[in-house]
Every structure is written in C-alpha cells, then in structure tokens.
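Lettered A, B, C and D in written order, each chain numbered from 1.
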Amino acid sequence: MTTIAYREAVQRALREEMRRDPAVFLFGEDVAEAGGVFKATKGLLEEFGPTRVFDTPISESAIVGAAVGAAMMGMRPVVEVMFADFTTIAMDAIVNSAAKARFLSGGEFSAPMVVRMSYGAGARWGAQHTQSVEAWLMNVPGLTIVMPSTPYDVVGLLKSAIRSPDPVVVLENKQLYGKKEDVPDEEFFVPIGKAAVRRPGQDVTIVATGYMVDRALSAADALAAGGHSAEVIDARSVLPLDVETIVGSVTRTGRLVVVHEAPVFGGFGAEVAAAVGAQAFGYLAAPIERLGGAWSPIPFGQVLIDEYLPSEQDIVQAAQRAISA
Amino acid sequence: MLLTRAYEDRAQELWSKGLVVESLHGSQGQEAIGVGVCYGLRPDDVIIPSLRTRAAFLVRGVSVRQFLSGMLGKATGAAKGKATAHHMGSKDAGILLGSALVGSSIPVAAGAALAFKMRDEDRVSVCFFGDGATERGDFHEGLNLAGVMKLPAVFVIENNLYAEFTPISKHFAGTSLAARAEGYGFPGVTVDGNDVLAVYDAMSEAVARARAGEGPTLLECMTYRQRGHSSSHPPTEGRDPAEVESWLKRDPILLFKAELAHRGLLGGGALALIDASVAEEIEDAVRFAVDSPLPDPAELYRDVYAPAETSEAAR
Amino acid sequence: MTTIAYREAVQRALREEMRRDPAVFLFGEDVAEAGGVFKATKGLLEEFGPTRVFDTPISESAIVGAAVGAAMMGMRPVVEVMFADFTTIAMDAIVNSAAKARFLSGGEFSAPMVVRMSYGAGARWGAQHTQSVEAWLMNVPGLTIVMPSTPYDVVGLLKSAIRSPDPVVVLENKQLYGKKEDVPDEEFFVPIGKAAVRRPGQDVTIVATGYMVDRALSAADALAAGGHSAEVIDARSVLPLDVETIVGSVTRTGRLVVVHEAPVFGGFGAEVAAAVGAQAFGYLAAPIERLGGAWSPIPFGQVLIDEYLPSEQDIVQAAQRAISA
Amino acid sequence: MLLTRAYEDRAQELWSKGLVVESLHGSQGQEAIGVGVCYGLRPDDVIIPSLRTRAAFLVRGVSVRQFLSGMLGKATGAAKGKATAHHMGSKDAGILLGSALVGSSIPVAAGAALAFKMRDEDRVSVCFFGDGATERGDFHEGLNLAGVMKLPAVFVIENNLYAEFTPISKHFAGTSLAARAEGYGFPGVTVDGNDVLAVYDAMSEAVARARAGEGPTLLECMTYRQRGHSSSHPPTEGRDPAEVESWLKRDPILLFKAELAHRGLLGGGALALIDASVAEEIEDAVRFAVDSPLPDPAELYRDVYAPAETSEAAR
C-alpha cells in the first residue's frame, strides 16, 4: 500500500499504461513541460519523452479531433482538455466523430481514446471553468463517461478507460486533486459500469458523483448521529450507469436521494430518478429527492459558491424528508 | 475519371427514379482532383474524401458495387446500410471515416498523420475538402497543429468557387486560399484542378515533402461544380450562364482526352474499350445494388460499442 | 384563417417581427439568396434586403458568437444553424457566452437572440445531420428551448422567442416543414413555458415533443379504437418545462408515457419522468414508460430509421402496458 | 500605465495575503497595449479585454475600487460578486462581456461591429487577445467573418511570446501572426507593444480605417509577460534569464518615461505627483474593497433570466 493523492493517481495510471503499451500517448495544453495546470501529468514527459508526451496549441477542437484520427490508426491517445467547460469547443470531435466511428464504419474503424477533463466548482475559477458537463454528453450513444471520486478509482477507472475499445470521457474533479488514499502497489482495475457502495445502510439510499460523494458520506455520518442509516452509492460510471446496484439498494431502503454538482433540471439525477422510478416502482416509500447545483451559472465568490453547491446539510435534510415521508 | 463521371450520371438517374436514397453531391467537373491526388499515393497512405471526392473512392479500390449499394441503403453498402456512402470509410482502401460536418475531418486527418510520425512510418495522410470548409475553425486549428508538429499530411482544397448556393466571394475576402498556408509555416500551392496531370505533379511533390519529414502542404485545386449543390437542386441554379459555359469547355475529361490525343496515346479504339468496360462495371453494380437485401433491423444495435467479449478481454 | 405549412410559419413569424422591430435581423448559411436549405426563410431577403437578411461563411461558432455580440449591442439577431447537430460547434457561444451574459454582467448586458436549428431523423441525412439535441442543452441555466410541432406553434413560439429578453433555441423538426394547418390571420403568440393538451383523455397521459406529437396522436386514435382514452400533451417548451400541466394530467390518469426522438438514456424524458415521479408521487398507478430513439447513432437507411424511431405501435404498446399494470 | 502597474503589484500582494481571491494574470510589462489602444478610441466605441488587458479597464473608466472589490469577491465588484473581475463587462465603460475561453470573445466582438455597421454608426469594436488565442478556431472564423463583411473592428494581439508555460514556437510555425490577416482580406500590422506611442499611432490608423468603412485591422503588439502565467506561478518559471533580462530593459514604463524626459515633459516633479495620486487611488480602493460587504447569497438567483415582468412586457 502507498498513500497517493488523486493527481498522483492520474500519473500512476498513465505511467502503468504507457509502460505496457507503446501505442498509449498523452497530449494536451501544458501537460508536458508544466505537468498540467493541476500537476496531474507531472513526471511523464521525463519518463516517456517528448514523442509520447507533448504540449499542443490552444486548439481543443483539433486536439480531440486528432486523437480520433490517431486512434483510428491504431494508437491509444489520451488527451487532456484542461477544463471540462471546453467540451463546448471539443464536442463535435467527441460526439460526431469519436462516438460514431465504430457505427458509421460498420465496425471497420473505432476510436479507442480517452478524453480527460477537470470539472467542478468549489475553487473560484468562475462560470466558464467550473461546470459539470456529464449531462451534456450522457445522451450520446457510443460514448462512455466515468467520474472517479477517489485516488483508487482514478487509477482503476483511468486504466480501464485507456484499455477500452471505445472512446471514454474521464471527468476529474478539481476539488479532489489533493485528496489522498492508500492504494495497493500491485496492478488493479476498476471496471467501467459498476457503482461502488461506499457505506451500507438501511433507511435511505444516497447516490452521488465525484466531490459530492464526500459530502454524501459526511451527511451519512450526520444522519447516523440522528439515528438514521444511509447507504451511500458512488455512481462512478455515468454511462453506462449501474442501475442494478442502485435499484437493488432502493428496493431495500425505499428511499432515494441523488446528488451531483450540475443543476437538477436535465441533470444526471433525472436519469437515476427515472430509471429507479420505473424499476423500483412499488418499492418507493417516498418521492425521490434530487439535489444539484442551483439553477444559475456557477458564481465566482465563495459565499455564492457555497450557496450554489448542495451542502452536507442539504443532503441531510433531503434524506430526512425522504425518511419521514 | 470516366468511371466516376459515368457513376455520377447514372447515380443521378437512379436518384430521380427513387432508387438511390442518399442525397447526391455530384462531382461532375471535379473528377481530376480525386484521380490526380490518389495516383500520387501509395496503398498504405490514407485519405479522407470530401462530400464530393467520388473519384477518390473508386481509385482507392472501393468497388462500384459496394459504393452504389450504400447509396441505395442496402446491407451490402457503407457500414452495412448504416452510413451514407459519400462519407464512408474503408479500412482496406485506406479511407478513413470522414465527417458530414464540412471541415471536421481536417483534424482527424492530422491525427492519422500524427500516428504515422510517432511510429516513424513514412506514410502520408490526405484530407480533401471544399473551399467552404476552409471557413471552419477546424481548418485553422487542424492546419496549425499539422504545421507546428510537421506532420506528414497533405490538405487538398477542392475550390469549386461555391459552397452550396453561395459564391466564394461572399465567404472569402483574401486573394488565394493556398496563401493561408504561410500562416501555418508550410507551403501552399494552387494548381489547375481540372488538369489531372498538373494535380498529380503537385501532389507528388507534396507527398515527397511529407515522406521526407518536411511537413504538410496545402494544395488548392481550382475547379468548378458543374451541377447543383445536391441532387435536389437544378444544375446551375443562380449562376451566370457564361461562367458555366466557360468551365464546361474546361471539363477535366475533355482536357485529358485532348492531352492524350495530343500525345498520340488514344489510338486503336482505346477510348471505346474503356467506355465499354466502364458501362459494364456500372451496370453490373446497378444490378448488384438493386438485388442486394435491405439491412436486417437488428443491424441497428451492432457496432455501437465493441462486442462485450472484446471489451472484457481488454481488461 | 389561412392554411400554411410549417416552413411558411417560420417565414411569417420572421416577417412580422422584422416589420415591427428594425433590430430584428436574420443570418446564417444560405438563408438569404437560397431561402434556406428547407426554404424556411424564403422571400425574406426580397422584403428586407441584404442588410437584414444575409448569408455567412460556414462558421457556426462565429455566427452564433457574433449574434451574442450584436445582441449585447441592442440588436435582436435570429441566426439559423442549418442542422442541430452543429450545436457541437456552436455550443460555446450558446452555453458559455449567450446563456451567461446576463448573469456574468450582473444584468448590465443580456443576449436576446434566437438560434433556429433543424433537427430530427426520418429523412435520410445520416447520423450527423439528424440528431435531437435538446438534452445536450437542457442542463444549462440561462437558456430557453422550444420545440414547436405545428405551424401555429411555429408562428407563436418563434415570435415569443424573438421578443424574449434572453437567448432562445428553437428546434424545428425537419419532418414537419411540409405539415399544413389553418392559422389565424391576426397576430398571435404562444407563450414559452406552456404545454398544449392536444387531445384530452382519462386513461393515460402521453407527453411528446416535435414530430413525435403526431405519432402520439395516431397512437391515441389506435388506443381509442381499443377502448382506451389517452391524453396527449405536446411539451412545446423543453426549458422551461410546463411540469404543472403534465403533473395535473397524470394525477388524473395515473399513467404516463413520454416519447421523443433522442435516445431514452439521459434524454428529455428522464426529466419529465423524474419531475412527475416526485410531484405526482402517490398518483402513479404504473411505472412511467419512456420511449425514444434506439441507443445507437442515427442510421442512414429507411429500414433502420424505422427501427430507430419510436413508432405509433411502440407508443400504443407502452400505453397499454401502463394501463394494464 | 503607472496606475495599472501599481494595481497589479498591489493585487499580487493582496493575493499572497489571501485577500484577493481571484486568480491573477499579471499584466506587468504589457501595460502599453491597453493604454495605447484605448487612447485611440472614442467613449462610444467598445472593447473586450483579454485575461491580461488590465490597463484597458482602468483607461476606459472602470474604477479601481470596483475592479479590486471584484477581485476580492465583494458585492461591490464585477456582477455583484458573481463574475471574475478580469473578464467583467461594463456598460458605462463600453466594455463588452468577454469569455474565459481564450479566443471566444473574437466572434462576439465581430458581432458588436456588425451591429454598428447595420445601424450605420461609425463606432468601432476592439478585441484584445493573446498569441495563444490565435490558435483557436474562433480566431479564424471571427476574423474571416469580419473580413468578408468589412466590419469596423480592430483585433489586437498581445503577443507576449508565451501561452501559459509554453513558448510560442511550440504553437506557431509561421513568421508573423499579423501576416495571417492577408488570408482574411485586410491589413495586419506588427508594432512594438512596449512603445505606447507606437501602439497609439498604429491603433489610430486602424480606427480611422474602420470608421471609414474600410474594414478590420489585425494589430499585433509585440510584448513580454514579466510575471508567471498567473499568481500561482513563479515569475519566470522555465525561461531563459537572458531573455527575461533583455525584456525588463524594454519595460514599457521605462521606455515611456525616457521618451517623456527626452521631450522635456517630465519637469516640475510631475512624476512624483502622479505617483502620489496613483498610490492614493490604490490605497483608497484597497480600503473600499476590504470594507465592502460580501454578496447576499440570494444574489445567486438574480440575473439568470430577465425578471418576469420584463419578459411578460415583451409579449
């Protein structure tokens, strides 16, 4: 076991996969010399050299597009898009080129590539550097989306993503880059499409993603202090979604709270609620509670960010509403 | 060129009869570009055609049968009936999957060139696109990336003076599209795109540069779209008849026949033989396409992701 | 009353608003001389001249971005993006610039502009010219999204959109451009944010958008023949969504089918189901049924498109499942 | 320039103390661009500053008080605490809202110019951006649109030779960024961006062209970022000390002082007076910003959409 931070977990996953497979390479803005704005790719240039780790112009559309072409030619590109908000300029390559490559070529070509992006509010980067973009991409067949919340999952999911035969978007939470955890020294994977039960419980199920998993766990502590036992599930993989694990939990607890950073309307929680509503119909003892960012762009100052994001208290209250319904 | 021309004319006929169900973007008048460029390549090079580079598919070895059945939406066509033929990819023919968003293929082609360069292969990646596509941000980003990284790529502009219904003057205020290459640090060349030998020569030079590690070339081929933007539009909607007339005189097939005749290479009924074989190939393909089955509805669910075994094995 | 087609309704709305307000203008690719690929803007160049109706280069990102700038300077731009799939290249201007202009300037600036886009499968335009993109944009505060399904609504919603003080995305269905209807000759509006009950019924509520409204109505006919009465609601406005009307209906019928063209997972129907699941909790007699496009890119050939889109029969069966649950 | 420099230095200090909560992108060394350009404009012209055009805000009349309290996240700052100050807009000061995506402001600025042209106003729209932003597709699309439509716009490149940690040589393989303007059909000019008078002169010409209906100009101002990319980075991380040294000698404030002295315009303790007033203005603003209240949490829900009455009235 070694204690590593979330950002080091990114480095480890990349290092292991790049050592194993010469087709894996990394590129993006300031990922090489500078090791990334969040230092998540530090040291890779030194080990793998400038052919396999390199900086690019500020051209998000072209770099993701180039990853598609390189992937079709047998490479395994990992491209970093500095902030997930830039999905808006790389989306054509992701949605129209990468996600459809296999289908539109009848399986002759595919685009096994990884797009890593940092997302999330909390620090004061402003409305165009902190958005959670999973809902913008969830409705796109051909795509896979994961949101690791721990160093262990970063290692395991990023490695699975790199080995995936199809394009995967990895959303890394900015608030978590410093988060530390003990991880095994031997190689391990986290399968894509499997949620993790972070804490078992009987009274209410809380499904969360990314940074909100930590808040959900604190909320569960607070609930426990009040005599309520919450089961906390980290969705981990948004697409495909592990509906089975979530529904299994809700058929026991009868109550569900979903919490994420993006706004509620049209968000990830809508899919979870809709799927559970249908598949756990008859088991639900209370309306499903959805929590998310406020219905506003993400503000700059801390007071407003605190108002924007769902708090531990918000989660506790939602769970209590569900339990007492 | 003759095969392509015959193909286009016949496809338009079949479209009018409702047999071809794909919107056609006729390449009549532009055949010399796909032909001249592709004859300058090796089989292991790759290309991405534009919406109008029909000739490139045929020269690179996609059969008329497969191509046409794709346009009829048959199971024997592009992606087993799932994709339009004019944007199809073909692994065997070294044709990468393009995009129906004009210009979006440019970074993809750059990425293929990147793969070649990283693996130290002396292969070349070629992207065809229209003058209109040069207005897209992806043109700029893709060419800049290729220039900075000195990628083995050739970017071929099929400058037919129109984008849909709009003349290039409304889209471009500079003097030459080729000149834009300077801003990306590599050469831009303008050639007569209706002269197949001129295209071939310019292409050969560009390919030599790319293989030698000297980076990309932007090749602007001047040509003219003899038909409407697509099968649904009258051939010369809104255009000056004199302009049309003068370009018809410079039809690439006419020009090449004249050149061959001039060199004394068209003796012995060669043309008639070619015409006959073209006609036969096309008619065979029409029969094949018409007789081919429609796709099984279940085909829809295939190739969305890799089959589960593949994914599992990968872990 | 005059009978007009959906495409003529676009022309009428634009004509009326351009006559009224000199700040309203129209631009996009081939909208002027050619009158648009779908002829939806035919005749406007002739009436309003090349300063107010003009063609642009193939630069979706820049034209939507330019609309934002013009709108901030007091104009009321209407920009046509030929195919909604191109959202992927115009999304930064829509999401990061237009939708956030008011918030990020504390109300000093705003971006009152309309982005009209054609969407929808049915004709054989292939995977990158037929997508339904509402779910990509629904999770974006600051934005408004409407999807008219009739000529009347095109006139009324487009006029409301043009007068909206904030950016509105208008999604026009390609299959409907030829659809005809009698509309009043006097001026009228359709308020944004109000659903339309297209057919009243008691046994099941069917919520649909765009072209799927027609299929839902045929399905309702078929259900009626079988003795079941379906209430068909045309959502019309995706964002804001008229949850009240839908919930009101479901509290009576106890059953809900949602149908749209985009895939089910992460689609518009997820939000409808989640909202109804929470607000009509206790009224639901059956799991909510969601219908949408298949989980695949949109295919080219007709056989496959027919397999892709929800059919009248699919809707009938879903309603019957709900009724008999 | 002195005010801007003093502002930047003081802001960095406050950042180190944790008072400034916004990431700072220091403009030290680049002040002459914002100043020279903005003095070439009329009050009814509009600008969009880059992440680093601090001087432009101050010259155009955004008070140091408002700007600084924005950086502290206070209710008296940018968008009442909702937006970062360095991308703020100001209606009164004719500063359009920019974007934190480098390059995305370019089409927005073109759109403002379009509004002016349509209404036959002789106003000019100016967009500032870094060399790095020229790699974005929006640079290309925005400039092409402006060129084709002959819009009254000036595009100002603050070419400081770096984009974050990466030198321009890794991003650009051409010879001059200004030369790219040719490809859009309008002039590109390169000036010494550290010579405020040179910037002013070049700008005045560009503005005159724009007002006369002759279309846009691309103005490349050569300069140097004396500090790190942002407040979190050491000033000269990874750069050649000789390069830094030589540019510090060409500091725009030094140069301008020398020029004024040379012209005999710095007599009578003028500089001391200016320094004192600058210091006073800054300290007043610091007090104001520190004393200003934080925003009310309810502020989050305002300005997402127009108030309901406005929307209703519109119908």
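Definition applied: contacts are C-beta pairs under 8 Å (C-beta built on N, C-alpha and C of every residue); 3 or more make two chains touch, one makes a residue touch a chain.
It should be emphasised that the depicted structure is a prediction, and the values quoted were computed from it without experimental measurement.
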Graph separation of chain B and chain D (steps between touching chains): 1
Chain separated most widely from chain C, comparing mean CA positions: D
Winner on C-beta contact pairs when C-D is weighed against B-C: C-D
Interchain centroid distance [CA atoms averaged], chain C/chain D, Å: 39
Approximate Å spacing (C-alpha centroids) for the pair chain A, chain C: 30
Euclidean distance of C-alpha centroids - chain A vs chain D, Å: 35
Numbers and ranges of chain B residues touching at least 2 other chains: 78-79, 82-83, 87, 99-101, 104, 135-138, 141, 144, 148, 170-172, 304
Sequence positions of chain A contacting 2 or more other chains: 57, 59, 61-62, 85-86, 88-89, 92, 96, 103-104, 127-128, 141-142, 294-297
Chain contact topology (line, ring, star, complete or other): complete
Residue ranges of chain D touching chain C (in the complex, touch as defined): 46, 78-80, 82-83, 87-91, 96-97, 99-101, 104, 106-116, 118, 125, 137-138, 141-142, 144-145, 148, 302-306, 310-311, 314-315
In the complex, chain D residues that touch chain A: 21-23, 73-74, 78-79, 81-84, 87, 99-104, 132-133, 135-137, 163-166, 170-172, 238, 294-295, 297, 299-301, 304
List of chain D residues in touch with chain B within their complex: 135-141, 144, 147-148, 150, 170-175, 177, 179-180, 182-186
Chain A residues within the chain C interface of the complex: 61, 85-89, 91-92, 94-96, 99-100, 103-104, 127-128, 135-139, 141-142, 239, 241, 262-263, 265-271, 273-275, 277-279, 281, 284, 286-290, 294-297
Residue numbers on chain A that touch chain B, as the complex places them: 25, 51-52, 56-57, 59, 61-75, 77, 92-93, 96-97, 101-110, 141-142, 144, 160, 163-166, 189, 191
